[in-house]
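See structure below.
Going in written order, the chains are labelled A, B, C, D and E, and every chain counts its residues from 1.
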Amino acid sequence: MTAVLIVALVTGAILFGIGVYGALSQTNLVMIMMGVELMLAGAMVNLVAFWRFLHPEAYSGQMFVLVVMTVMALEMAVGFGVAIARFRVKGSVEMEEAEDLKG
Amino acid sequence: MTLLEQYRLLLALAIGVVGSVFCLYSLARAIGLTRQEPGKDVPASSGALSRDPVWGRYHARYYGYGLLFLAFDMEMAFMYPWAVVYKEVGLVALLDMGVFLAILFLGLLYGWSQGAFRRQ
Amino acid sequence: MSFDSAINITGARQKRPSVLQKLVSRALARNLGCLIVPGPEIALAHGLDVTAAGMRTSTTPRDASVLMIVGELSEKMGDAVAVLYAQMPRPRAILIVGGQTPSTLPGADISAGLSQKGLTEAVVRLQRAFADGAFVASPEAFDADVLHAKIEYVCPMHPEIVEDEPGSCPKCGMDLVAREAGESTPDHDHEHQHHGHKHDHEHEHEHCHDQDHKGHHEHHHGHDHEHSNEHQQEHAHENAAAEYTCPMHPEIVRDEPGSCPKCGMDLVAREDAEDEGASEEGSGHGHNHQHSESDHHSEHEHSGHDHGEHDHGGHKHGGHDHGASGFMSMIEVTKDLPRSADGLQMDWLEVPFGPVFPGLPGGLKLTLTLDGDGVTEGQATSLAGMTIEVEEGEESEEIDVETFIDHLATAMPLAPVSYRLLACLAIEQAAGLNDDQATTQARNGGLERERIASHLGWLAQLGRQLGFAWLTQRASTLQLQVREANRYRLAELEPALRTLGTRLGRTPLLKSRLKDIGELSSEFSDLRGPLARAASEGGDAWARLWQRLAEITASLDLIKASSEPALPSLRDIGDLSGTGEVTVDTPRGEARLSLKLERGKVKSYKLDTPCSHHIDLVPKLVEGQELGDALLAVGSLDLSPWEVIS
Amino acid sequence: MYAQAFFVAVFGLAAIGFGVVVFRTSSMVRSALALLFSQTAVGCMFLAMQTEFLGVLQIMMMATEMSIMAIFMVMFMMDPGGLGGMDMSHQKRFSIGAGVSAAVVAIAVALLSDWGPAAKQVVDAEAQTRALGMELLGRSMMIFETAGITILTAMIAATAVAIPVQNLASKRAKEASE
Amino acid sequence: MTVASVLLALLGSTWLLAVIEGWMTTGRLSPAAPLFSGLAHLGRESILPRSPDRVFFEAAPVLLLVVGVLGMAVLPLAPDLIIADLGTGALFINAALAYVLVAVIMAGWGPDGAYAMIGGWRFLGQLIAYSMLIVMPITAVAMRAESLLNTAIVGSQAGLWNIVYQPLGFVLFFIAAMALAFRAPFDLPTAEGELGGGVDAEYTGVRLAVLRLARLTLVVTLASATTVFYLGGWHGPLLPPWAWSLVKTLAVAVSMLLVGHYLPRIREADLMRWCWILGIPLALVNIIVVGLLILVVP
């Protein structure tokens, strides 16, 4: 029984790790967002596994996943908005070229 | 059927469809192979042989809609569970969702006023 | 009907032992899709109904098994036809209706006369040919010059130097680089064509190689404190910096050698003149935190070849900033690109539409520069138009009048009656003949009937463009019926024609689709015919649609009032000499012909057609439009590529 | 139950595989669609864990969202076709280290913790959706409404940042400059 | 057994639809035409474009077909004639059909041809337009049925079909379904007059056959979904339930083809503007009206 939980948690951890790698290693804003998406996906896997195997009666667990999904979508919407604005001004969304965003 | 049996059935169905398509492909291969000839593999462009790759930065003119869609799309994640219990909960549910949708609708109106609903 | 005993098709497939082949061949024979060249509107104008003959019309070569060529093709169309034929999947066949096989194609499988009966017979024979010969033991190969990429060698610094052989530039001594010859040099020698593919592969190879070099370069530029010697090296390198640009895509500018992201060609060095500001922008502290992970790479690995190029390239010493950051700078890619209206700089694509494009009249080649699905600029050329030598010298040959009339009428397949009439009138005027009431009436009847048919053809074309299947079917059927109808038959068809107009008026979406598309106000002086008449009522595609529908009705009334429509034939003119200049209102606008008659022969002539003027409107109409709107605007002009005179 | 573990593992592997492809391919559309299929596999994992509503929702939302991501990738990457095969990454070692250590720590936590007894059964999908709906309208109502506000904020932020202002003043300024 | 009957029904409907489509374009009604056309496609070469994204190019038609079949699998033809009666069936069909977009983008990007690529990206715009109009009407349907089970949705229409109960939702859903199936007048990604075939343009031979089959399957699936959500599914007098389902499905599918036959293609800018400025508010109105109806009428 817990085997499934462990498998899910390990998968979530690996997805999270890939996401961390992507977010740190990519130079492009959009690619960085992909890393973040993967990290969130890993987190969601964990959340669902916890809900299913530890507290299937507590639906706030599912609610949490819904909120994470919303965050994912909103992160993308705002991220793309910034990307468009940046591209319009500077002609690039490479983060290495984004000195002014680093402050 | 339990949940997992249903999913297994759907998965098997998908794999079955892919399998039958592959059977069809091998049948077609049995009939004959494609003969390599000059010009044949160039993407058709109405009589002109344009060989340049087209994979460039494509200007999607609908990105204004796209941004709003990304956000607005999330609304339905909340709407489906709401719809299922709507009758049971009654007026409170209507008011709840009314407030939620009104908030989102404000966002749409803002987008509209700023010119997100046009070809950029 | 007698069949040749064994018909094979030139585009048969390789035979493989298979039980299915017999069955499949039969199915193929019953399912012939034909791609009509130059276009379905020509077939209709000649009165050919492909569907009735038993084939289905395909709009793309990929879905066709029969290439049907209607009428004579110009030389330029020959190349296009070869490309289309090459892109059709085997088994495929060529059907020639009323013309010669273009030199670029293998011989026709079936030839037929220019009539529905001929076509039907030909289709029956084709079906038989497909059933018998879709699979043969050794099918003929198909090849044509136009299908090969021509490689030419250019100097990256001096674009005017174009050689057929690799070598060095006579001006600066740089190595010439290979590129695919573009359409700008169509008359280029074909010597290297057969190496085309091989060359591509070599290129790919080199290009992988180059990626490696680029990688090593990258590490060079990391400001890494652990590698202070590397730092020095970097400075040394920077002093020798030059810009690298792609010979084919001048907008690609890099600080390091490498390959072009668009075409994969090697970048070549060039003197960097004005990139100070831009690379300033791209540089800076960005690469400070770029840790070098490349200890295992040899830091000194860049190729001598690159350095060699620097030397040739004539670089600028000193004063160069730290522009070369570790990665390719996107800013540098985009800074010189033109901007769209919303301020984003994207890659613009030059896409050919035509000469055989389902939404445009066949023979018209529209080249659009696309920014996304918006058009930034466009150019239309006719590949089918007639060329007239205008020199009125004494040496020009005299043409027999009848030949001249036939020549003019066959050269304009979309409006043969009008041009026949134009020629007749001009000759008669030159001969000094007076108008004869009865003949004029009959001729006008013929002209008006052609106007109706022509406008119906345009409606069918509009339907094709809009994916409006009902309109295409209805208008084509009516066009075929009107084409040779007598007065009685036309009176019978009148209710159907009027209903067509009402139906179109009631069609939802049509108005929103056509309104404000391709606006041409009356201030354009070049407008003729329906375009000019529609200009006063909005001048958009919607107004043109209603103008043409109104003209159909008006022509019906005119025919009712006149006598039986007849093909104009020349009255006896004798051996007179003189000059004549007449104007006829063809379906597409006023055409003017002036000619000089000497002893009953046409000495010289000058033809002015509406489409020669209308085609110049295209760039203005398409600029800044959405792709579909731009095509619709061009379509609403009702251009006939044959009537474009160059 | 082994079947359940098997399917979770298979889809988990698929998610990881596609996740790796995201950062290893140079074609941007491939990269975006790999992320899409990675998310789809995550959704399938949800299904395998009998969390049907969330799974199906994940599968659906990600298809559209990641496709939109694909077009933005194509718009803003230098070489969306990956024809040049260029490398768009930096500080690789550090990132790999960070990624691996994050994963290792999380795995260690997962393996070493005592999760206690796992729930044997869950209610069916129909009841789950219903319960989620009651949760939405009951205890989590404020979360739900807050999500609404957040979505509104994101919409306004994205629009305000991305859409060029085309009011009269700027138009006039543009004309004047031309 | 159930699987076989549903697949058979799907295949049969697709075949009938192909016959009718052929009738509309050639004017000849020949029942064997789809068979011959399929065989002919088998006999033609299937060309791979040069240096394409081969994974995408190959996957697109298959994915489209899988999506169509999976969508059909969760729709009931009769109370017990359903492959998988998922607890979130109404949502699942949405999820499956979202992959139509993925398939079209793959088909567009794969061959590296300009027409196909523009077609693929155009369809993404089309999705942004129609997507909410698929989702929100289904919500209203689920409100009435108090369930996402497709069988429960049909069951809720025993007395009154949803087309009468929420006609606005039906109209929006029907339009959006046509846009999803990218049939005329919403055939923007495959527009012949504008893109010379668009995403279909590079497919030949057996791949084209699969693509065409998939597109027709998609129409049948969407018609079946319309039947389940709005036309009372298997409800009807005299005929057995499955027959009613099939008759209604075919009627909807044919009407989709017919509507396309008599309309010009819509402009993408118009489609998007109308869907967002008119469609979404109307869908919201539909939800509120249905909500009030549910509360007021017991």
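Note that in this section contacts are C-beta pairs under 8 Å (C-beta built on N, C-alpha and C of every residue); 3 or more make two chains touch, one makes a residue touch a chain.
None of the values given here were measured: they were computed from a predicted structure.
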So if I look at the partners of subunit A and the partners of subunit C, which chains show up in both lists? B, D
So which chain is the furthest away from subunit A, centre to centre on CA atoms? C
Distance-to-centre winner among chains (Cα means, whole assembly as reference): B
Most heavily contacting chain pair (counted by C-beta pairs in contact): A-D
Based only on mean CA positions, could you tell me how far subunit B sits from subunit D in angstrom? 15
Centroid spacing, where centroids are CA-atom means, of subunit B and subunit E in whole angstrom: 13
Determine the centre-to-centre distance between subunit A and subunit D, using the mean Cα coordinates as centres, and give it in whole Å. 6
Between subunit A and subunit E, what distance separates the C-alpha centroids? Give it in angstrom. 32
Contacts with two or more other chains occur in subunit B at residues 3, 7, 27, 31-35, 40, 42, 44-46, 50, 53-61, 63, 66-74, 77-78, 80, 83-86, 108, 119-120
Where in subunit D do residues touch two or more of the other chains? 4, 27, 50, 52-53, 57, 61, 64-65, 68, 71-72, 74-78, 81, 83, 88, 90-92, 94, 124-125, 128-129, 132, 134-136, 144, 147, 151, 154-155, 158-160, 162, 164
Expected list for subunit A, residues touching two or more other chains, is 27, 66, 69-70, 73-74, 76-77, 80-81, 84, 87-88, 93, 96
Identify every two-chain combination in which the chains touch. A-B, A-C, A-D, B-C, B-D, B-E, C-D, C-E, D-E
Which residues of subunit D touch subunit B in their complex? 3-4, 7, 27, 47-48, 50, 52-53, 57, 61, 64-65, 68, 71-72, 74-78, 80-83, 124-125, 129-130, 132-137, 141, 144-145, 147-149, 151-152, 154-156, 158-160, 162-166
Residues of subunit A that touch subunit D when the two form their complex: 1-22, 24-31, 33-35, 37-38, 41-42, 44-45, 48-49, 51-56, 59-60, 62-63, 65-67, 69-70, 72-74, 76-78, 80-85, 87-88, 93, 96
Taking the touch rule as given, give the residues of subunit B at its contact with subunit D in the complex, in rising order. 3-4, 7, 53, 55-60, 63-64, 66-75, 77-78, 80-86, 89, 92-93, 96, 99-100, 103-104, 106-108, 110-111, 114-116, 120
So in the complex, which bits of subunit E are touching subunit C? 24-27, 33, 35-40, 42-47, 114-115, 118, 121-122, 184-185, 187-188, 191-197, 201-205, 208, 260-270
So, in the complex, the side of subunit E touching subunit B is made of residues 3, 42-43, 45-51, 61-62, 65-66, 69-70, 73-74, 83-88, 90-91, 109, 111-118, 121, 124-125, 128-129, 131-132, 135-136, 139-140, 142-144, 146-148, 196-197, 201-202, 205-206, 209-210, 268-269, 272-273, 276-277, 280-281, 284, 287-288, 291-292, 294-295
